[in-house]
Amino acid sequence: MLENVCRQVQSLAGVGHVADYIPALANVDADRFGICLRTVDGNDYVVGDSAVRFSIQSISKVFALAMCLAVKGEALWTRVGKEPSGTAFNSLVQLEVERGIPRNPFINAGALVLADILLTSFDDPEKEFLAFVRELCGNNTVDYNDKVALSERETGYLNAAIANLLKYHRNIECDVERVLRFYLQMCSIEMSCEELAKAFLPFADHNVQFAHAGIELTRSQIKRMNAIMQTCGFYDEAGEFSYLVGLPAKSGVGGGIAAIYPHRYAVAVWSPRLNGKGNSVMGMKALEILTTETSESIF
Amino acid sequence: MLENVCRQVQSLAGVGHVADYIPALANVDADRFGICLRTVDGNDYVVGDSAVRFSIQSISKVFALAMCLAVKGEALWTRVGKEPSGTAFNSLVQLEVERGIPRNPFINAGALVLADILLTSFDDPEKEFLAFVRELCGNNTVDYNDKVALSERETGYLNAAIANLLKYHRNIECDVERVLRFYLQMCSIEMSCEELAKAFLPFADHNVQFAHAGIELTRSQIKRMNAIMQTCGFYDEAGEFSYLVGLPAKSGVGGGIAAIYPHRYAVAVWSPRLNGKGNSVMGMKALEILTTETSESIF
Amino acid sequence: MLENVCRQVQSLAGVGHVADYIPALANVDADRFGICLRTVDGNDYVVGDSAVRFSIQSISKVFALAMCLAVKGEALWTRVGKEPSGTAFNSLVQLEVERGIPRNPFINAGALVLADILLTSFDDPEKEFLAFVRELCGNNTVDYNDKVALSERETGYLNAAIANLLKYHRNIECDVERVLRFYLQMCSIEMSCEELAKAFLPFADHNVQFAHAGIELTRSQIKRMNAIMQTCGFYDEAGEFSYLVGLPAKSGVGGGIAAIYPHRYAVAVWSPRLNGKGNSVMGMKALEILTTETSESIF
Amino acid sequence: MLENVCRQVQSLAGVGHVADYIPALANVDADRFGICLRTVDGNDYVVGDSAVRFSIQSISKVFALAMCLAVKGEALWTRVGKEPSGTAFNSLVQLEVERGIPRNPFINAGALVLADILLTSFDDPEKEFLAFVRELCGNNTVDYNDKVALSERETGYLNAAIANLLKYHRNIECDVERVLRFYLQMCSIEMSCEELAKAFLPFADHNVQFAHAGIELTRSQIKRMNAIMQTCGFYDEAGEFSYLVGLPAKSGVGGGIAAIYPHRYAVAVWSPRLNGKGNSVMGMKALEILTTETSESIF
């Protein structure tokens, strides 16, 4: 099955551009493609560069949300909304109009608030976030890439603008610079498709208690996280992805996408070339083919 | 099960207000509550005022979308988007910014475009639309309420503004007045929860060919319609509904909500009191309790 | 002096396009140019097609404002603002955000409110508006062009959208269609530069009591009207015009501009080719040269 | 005359609030009132606290604009617009929509661009800016207030957001922090009404060559600066001020207003209590009475 998917997406090879606004990411080999699907009953399927690590970028927001939801519970939603943004992922307009409450936790503004919450909730947030991710994917060598994080900070004027606006609206407690650095460090984590698929499997498998590195979520909380992935995981292309693929998922500008089919499987795909909305061209197509050919989606 | 749901939602009795901007609707008994759930394997469950007809209003947009998708196929999406709106259901701002292409088919602007498409695609659109709905719900006495449609036209200045703006951007072919009248007539259809649940069941049951009154949809098209219901069915509360309930659904200002659980059931609930976003207070709560207590949702 | 201006602006001949969205206007000879300057002490200067009548369009809003201010006094400003719009002349966005109160009387939304006020304040508004304009310019043959007004109504979907939105926000009392027709009729008046300059002279001359056809304004009211022309007379190019020319003025898409230099003169210029903001290319340049060469502006 | 103005504005004593978002400014005596009018032919009139220095804040933007215009000429307008903003002085929305080109030099975004231009155009911009202001007002003891500047930097998250957004759009060349500090230092200058009136007189007197501390402007450039003050000097209350007062002017949140009547006089007024738009309540009223009673304004 995955070989078939892989073969079909080759027609899109070379389409799209690698994210170039993060200097340290621009050097990646644009034509890589890897995919890994893991089922809840223990089967794994891999094709292509599935073991190659890449910068997960915004996919890290799912892990940050899981930690915040475990720590804050429903009170989290006083600081961030759960509606799709309807505009590009980094829009300041909406944030200003809505007076500092980001639309959802997956736009940059929302994830900066998550970073602030983690900073005020954990003793050593960098260490505890990494521990959580490592335990989810079962690999202790997964790590931050400090060079990428630093490179983003040096050119990340838009994120700095957003963080300052959040601070102005009193929706960031910590020092602005501290929040920016932690946020970018989370984004800099590097994982392979195989590791990502493993890390997302607990969000698909509702029969196992979610408890990893001290982070515990109820079944209801996991379902609700999946709902947010479904409606908000693809910036202003959430509707398109939902229409074509029909799975809760989260993408990152590193070219990765992690998706889950509740009760069935988690799947991670990676290909660096992005479309105009910042989502992986071949990655989206691969998942569309997967759910279309299997006639299986949440809808 | 439904009795239990019904009992629990009683705590919200009296909360919210009946839509008063449509004069003919303001007279409805605000404290009605009915629910009907029909499974794909043929079981029916009803509680309360499940046989009382009410004005389905925006729920009619699902039927209009089904007809347009059958007629136009994917070409439909050149005239209307499929992204959640992120703003109130009747916002002109987004429409102006995006130069006459409504964000999705379920905001008023989008549904006016659907109306225009039906007017140019069918010989007698009023008759054929009604025939489609009647066949879906299996009841030939379901009908338009001309008085409600007329009442809405006389006070519907916002819809008239939207329709004129669409015409200005050349995304309406027919006469503006003709489009407005047909749109409002579709909204004026009156159905009971029992009829609505029956009409939505074909969207949940993927094992039966969708072919009703000459309107045929593939399994893939139905899944895609469900995806749009999921992301766009609740105006700017789509994320909240997805988070709390986790089912594709469509609401109307008459107080009705129709939802589906793919492969399992369709459910319709009705209670006229609305929250500030225009969705039924008790209806939303009933569906939240239903999916929480059964631990069953698409996520 | 004016001959010199006329000579210099010839370098812009052929630049810009005649307004083509009003069918009946698209047939005008694009390369006409006329100018007339009348001083408060009784001297007249004319060059070119100064006696040719053209469609004054939005310049009519100045006359409508004068009548409304005379009738309503400062209470007028509860229905319309006096701030520059900062956006294009026909933007619905601002109107929606500000809940039906147009930013100023010179954007289309504001002028539609003026039309509504005149309709509710005068017995025969069409007749009385025309009488006022005729007395100002001293020529009883000045008249509406019904064909132009009708032509605009048939294609004026944006104005219809705006009027309906105003009605929705309860800032229009009369029937929407009635307001639209009267508004367009006012716009359809045809005058020559010579007639326009004469009609604007009373706004420049503060030593003569303003009382024409029963419309009386105090000196303070006239000064305030001039202030609004200065800040709002050129849509979203008001700053540019103020910077380059430095006179209170009002333009119309027929290619006319009427301006005044308080205590000194009124000037009207006409040339049908418009720039991208809807203002006459040669007309603006002519006035820029006039105030630059004479080193005389209000600044 | 001024005594009369002073007496009449007393009815507004106590109305409004001192700007409290700048900690170091919140301690000012709220009930101060001073005014100074200087004519081009050499007469001075003073009333009240006309010799007390206060924080000129945004009035400094006029001096910054003069220097930038002298250095860059018309090329300045590729980096900043000259249209009124139509929204609050610190709106990020407009800046984002217009891709980093501030609407005009007097909103905060525009003044940050001015600061950047000065930083790249002068060897010691802090020194040269101060020298220019000192020469204009003829007093070498006028100085920055470092404590106020520092205090604003520590809490100025909105300005930091704006500056980062400008940098993101490549409309700031220097280091963001450097620009912010210089901008706030300019704002921190303290002057009295007497000094301000003297400093603004050269903008009113077109018969004397403008050449101060090496900064030279042509008569045309001065007139154009006045036009920008007229249309943009009062944030989103520019129209109201133009309507009520009718003079080019610039206000600051320290409660100061400096205005000019071309060919006649410059006037500075100070009273710390502000209205909801950030402009001095008694200051605006004083100028309204002045131009109304004298029946003299540019209109």
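Should a chain be cited, it is by its letter among A, B, C and D, assigned in written order, with residues numbered from 1 in that chain.
In the analysis below, a residue touches a chain if its C-beta (ideal position, glycine included) is under 8 Å from a C-beta of that chain, and two chains touch if they have at least 3 such contacts.
Predicted model only: the values in this text are computed from it and were never measured.
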Which chain's centre, taken as the mean of its Cα atoms, is farthest from the centre of chain D?
B
Whole-Å separation of chain centres (CA-atom averages), chain A against chain D:
46
How many angstrom lie between the centres of chain A and chain C, each centre taken as the mean Cα position?
55
Compute the distance, rounded to whole Å, between the mean C-alpha positions of chain A and chain B.
32
Residues of chain A engaged with two or more neighbouring chains:
none
Just spell out which pairs of chains touch, all of them.
A-B, A-D, B-C, C-D
Residue set of chain D touching chain C in the complex reads 81-87, 94, 103-104, 206, 219-220, 222-224, 226-228, 230-232, 236-240, 242-244, 246, 248, 262, 292, 295, 297-299
Over in the complex, which chain D residues touch chain A? Could you list them?
91-93, 96-97, 157-158, 160-162, 164-165, 167-168, 176
